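Chain naming follows the written order as A, B, C and D, and within any one chain the residues start at number 1.
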Amino acid sequence: MVDGCPPRLPLTTELIQRDLDRRRPGQSKLTTQRNEADRVEILSGVFEGQTLGSTITLLVRNADASPNAYEHLKDVYRPSHADFTTYAKFGIRNWQGGGRASARETVGRVGAGAIARLLLCSAANVQVLAWVRQIADIAADVDPEAITLDQVEAHPTRCPASDVAEAMAKAIEAARRDGNSLGGIVECVAKGVPAGLGEPVFDKLEADLAKAVLSIPATKGFEIGSGFGATTMTGRDHNDPFVPGTMGQPRTSSNRSGGVQGGISNGEDIVIRVAFKPTATIASTQDTVDNQNNPVALEAKGRHDPCVLPRAVPIVEAQVLLVLADHWLRQQATDVLPRNG
Amino acid sequence: MVDGCPPRLPLTTELIQRDLDRRRPGQSKLTTQRNEADRVEILSGVFEGQTLGSTITLLVRNADASPNAYEHLKDVYRPSHADFTTYAKFGIRNWQGGGRASARETVGRVGAGAIARLLLCSAANVQVLAWVRQIADIAADVDPEAITLDQVEAHPTRCPASDVAEAMAKAIEAARRDGNSLGGIVECVAKGVPAGLGEPVFDKLEADLAKAVLSIPATKGFEIGSGFGATTMTGRDHNDPFVPGTMGQPRTSSNRSGGVQGGISNGEDIVIRVAFKPTATIASTQDTVDNQNNPVALEAKGRHDPCVLPRAVPIVEAQVLLVLADHWLRQQATDVLPRNG
Amino acid sequence: MVDGCPPRLPLTTELIQRDLDRRRPGQSKLTTQRNEADRVEILSGVFEGQTLGSTITLLVRNADASPNAYEHLKDVYRPSHADFTTYAKFGIRNWQGGGRASARETVGRVGAGAIARLLLCSAANVQVLAWVRQIADIAADVDPEAITLDQVEAHPTRCPASDVAEAMAKAIEAARRDGNSLGGIVECVAKGVPAGLGEPVFDKLEADLAKAVLSIPATKGFEIGSGFGATTMTGRDHNDPFVPGTMGQPRTSSNRSGGVQGGISNGEDIVIRVAFKPTATIASTQDTVDNQNNPVALEAKGRHDPCVLPRAVPIVEAQVLLVLADHWLRQQATDVLPRNG
Amino acid sequence: MVDGCPPRLPLTTELIQRDLDRRRPGQSKLTTQRNEADRVEILSGVFEGQTLGSTITLLVRNADASPNAYEHLKDVYRPSHADFTTYAKFGIRNWQGGGRASARETVGRVGAGAIARLLLCSAANVQVLAWVRQIADIAADVDPEAITLDQVEAHPTRCPASDVAEAMAKAIEAARRDGNSLGGIVECVAKGVPAGLGEPVFDKLEADLAKAVLSIPATKGFEIGSGFGATTMTGRDHNDPFVPGTMGQPRTSSNRSGGVQGGISNGEDIVIRVAFKPTATIASTQDTVDNQNNPVALEAKGRHDPCVLPRAVPIVEAQVLLVLADHWLRQQATDVLPRNG
């Protein structure tokens, strides 16, 4: 359910489906072999092709769920999954497929992100694009300013550097054959974000971006601009000099700030990176305990992604889009009085 | 102002002052030479030494402010500061000292964090401790499980590895003499956090932690547990095996999860790391523009920290404490029915 | 969708259906002749008959909707409906049945209220019961302390005073025959509410109750305890004297406070009254304008309730239940430290 | 503290003081004889006479507090006060003057309301005015459309009907001499509110208004437009016919809706009424219990208002202003796309 979407946006299921299709299982041999069409229905909030300004409800039904496939996991805590923590928190857990902790819930994020994309694109000409920058130790050097959606979608890894992409695909295949899994880094750029989005203290733009992407399953870290690389630089080298811009507004001649200064966008590209751990579900036997605190050996079963990175790309975009849309709307309720000059 | 603090906690100004003193300027030659006693007054919410359950208001007055020292910055945008973005957002800006974007506002976070610390310690026996792990390229290898507050406070850098700490201090001094500045990494551990804090989707514990620390000025990145290092591991090596624990509850034999699985604490130590950029204020001339979009050379003036890391330690602790206190309180309103067995 | 419901509550569709059946159209000849079974499905949040602690999603589909019946209203603003204001706000409107402003949305409130009722009853032994106190100028004098659900449900008007109920039914029938409509007053009592729910300033219990019931369509007023009647009393007559109670806790010998003092419950019955205007949809021709600002005569068509009061009873209960459940949960996160004595 | 105020409003202490002076104690012989100048300081959020867009902090210090005057109330629960409920909720209570439940906290509401008034007046030409409509059984018949601030302020009762005002003043004086107190009704109109403010379901404008005014101490009821009077009307008589307006937008030829239809403003005057109970503090001996559950006789002492209505007028205005300002700002973030035509 999406609240707060302005009225009179031309919203269609096709537009949402386009992003869902980039996330759905079974789209290439690199991802899980579970097959979900992930067809979206709009239940409310749209009338004759336009948003109404009221709550938009999207429904995507599971088509290829197989609850029985989880029977052997009923009493066992899978390592580095949320089985134990869910039980610890709630004292009850739906063991038939991951429950609320299943990455399946990201379908809702991508659907909502598509609506945010439509708003930002229509109203503010903002573009958000993510790609796979690194899988295991195979890294691509990508220029965030030059990259296009076609380049990202050209390869099932969603790494726009074609030579590196092929090496990544081979590594994923090897991990699958080995019953193992890989992690990596997704990078994301937002272009055209106007200066002035964000808040000076409590809802800094980079803080909201960090929260948004760290709420994606399997994430372990977040960087903006220079990120952890900033820690070994000096201030003289790290500061972004201002230079006169063409629109009467300053630009920076470098972008180590990553498009945000003091919690507020400065009009440059916003660039972030997100660390994903290797998938916790692996096709290997693992040591764990059951819910009676007894040690057990967990046999590998079922279908999974040996590497979630390619499918994580539209999810990262969605989270960034949602944060930017929220802050863009907030700014409409902030900058309400005429400016001098 | 702190809302939501439970009633009947024994709160004193001394307890708050203890944390404020670790953050205040002028506490060692490594930090800014501006001198602020940062004396706290409690204006509301405490009666006869106990919290009332209503809003707690803390007041810390500026004692050593010098608005005139900023006169030359009135029309100039300092590089990698929030001067331009504040103006872009609001169309007005208080140029006398950084305004709302001044790191001075972190005094409120540390004060509030002290209250959260008292709550967590009294009610749940949770301990939170941070330290400087890295300055520039000088890194300390610290065991989060073994570290103590005394070790952290033994050296003005707040790096508990004494040999490394001395090298850090020298590097900071050298940067100061050179009119330059340094960045680094603060690491933080939370011990004794009960399993079950956090939420499965929208307010994951790691997501809230990321937002909290990324709202500290000068931060550029966040990691939990294995962090960015996870990206080059395989699932077989990265997963944390469960083993039977002594309290009828499983433990993990490694902690690459960093104490959180699927957004919810698992009872192990929560371990995070925060990247700080080098201080934007440096004692060197820099190229920038003024508010008429003209290039100008900004002369260096005023007092500043050549490295904020030592003073950032209690700020990181405060942000972590506030997140944990909020989630601990939320859990009191979740786990309200008797558990079977 | 219901967030924040604690885990391990025994929730069934039957339990929810019971309240929905009291609200549904077509349950007696006094209400609209539109027939909706209003069958509820639980889509999420419940597993093997117990709540999971995650979002509970209820789905009730329209069965007897007839969008074409609204074709003649496409360009016309019905008097005292939300047609014009919806258009004024959003610049677009779904004219096929009232859209977001349709009283049909109260089905969600009643469903959510049934969950709140289960929680309050299980965990705190709180009972909430409403009834029709007045229709047009026919008023029943009812003792909130003595009333039972059976008495309320004994008559289709939901007025527990049987003689008055019959007069009300006749007045409703007469209004229907006349193409007219009637308003009235619903009264509601909450018994067993523990002392201490509510907040001293910003979310006073009576303020949240007022907001909750004023968000029900067709409401025009709210009273608690003595209500508007208090305005003509003196303080000496209005104050509720405290007397020693049997549980070591004071009681009041009168209840003009209506169970709330200073925004917080005092343990006495909470008693409120809600004013409903006569239904805006009437079977008579009315003067109005179209969306081109031209005067038009609106012909009467379609199915409607000549008096919403009988069906409003479970809606008022639901809104009161939701407010009390929220405050009861908040109090669990407030009163977390041991009390002296 | 006021968050969310837009930047670049010309805000002065004088402007705030003007409203505070209408609320302050001791302004006439009709109110409490306690004397508080209630001088306001602006601590943050304003720079060189303009709002900065960041949090505005107002400080008003108690000048004439006398904590010792409450010594005899330390262990006693005053009837119809919040002494007992505060203790029941928090297990602790500041007995020196009412604590958080003191009506003294309304000084903050009036201060914040003055800022909301400035915003609404500058940006939307909205005017909000309240007056005393009734004290005890003495009622004035006032035309909300015609009333002016000067008429309201002409008499210390703030009843604009001069003959009735004098009778009210005499009744208040008589109550004071008798050690008793009186209640009444405040009426409030908001003029110039554009059509389209409010929300269709969860934050209906009348619901937010009801919550806002019911959070004022001593309130027992709320009405909008026809209010409880609607309950005895028929739909045919109650509906407000639309007629063509001069601005291409419909008007209504009557205003029983009170300016709100379906939760959203329709451009007509918003008219509400608020019921106040007689002041709970009276100069008469009363029966009550102490905190050991023993019956005691409470002797009358101290200074109080025999009737709070005259001072409640600016408080009601403030609450209405804050609700309207919030909804006006929300609408700026809703109506963001160009309208057809």
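Operating definition for what follows: a residue touches a chain if its C-beta (ideal position, glycine included) is under 8 Å from a C-beta of that chain, and two chains touch if they have at least 3 such contacts.
Computed from a prediction, not measured in an experiment: that's the story for all the values here.
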Contact-graph distance - origin chain B, target chain C: 1
Relative to chain C, chain with the most remote C-alpha centre: B
Selected pair, greater C-beta contact count between C-D and A-D: C-D
Between chain A and chain C, centroid-to-centroid distance (C-alpha), Å: 41
Distance between the centres, which are taken as Cα means, of chain D and chain A, whole angstrom: 46
Chain centre separation in whole Å, for chain D relative to chain C (CA means): 26
For chain A, residues contacting two or more additional chains: 7-8, 53-54, 89-91, 99-100, 200-201, 334-335, 339-340
In the complex with chain B, residue positions of chain A that touch it: 77, 79-82, 84-86, 88-91, 99-101, 105, 134, 136-137, 175, 179-185, 195-198, 200-204, 206-212, 214-215, 217, 219-228, 230-236, 238-245, 248-250, 252, 256-258, 260-267, 275-282, 284, 286-289, 293-295, 331, 334-335, 339-340
Partner chain D, residues of chain B touching it in the complex: 1, 7-8, 47, 50-55, 89-94, 99-100
Sites on chain B touched by chain C in the complex: 4, 6-9, 53-54, 122-123, 200-201, 329-330, 332-337, 339-340
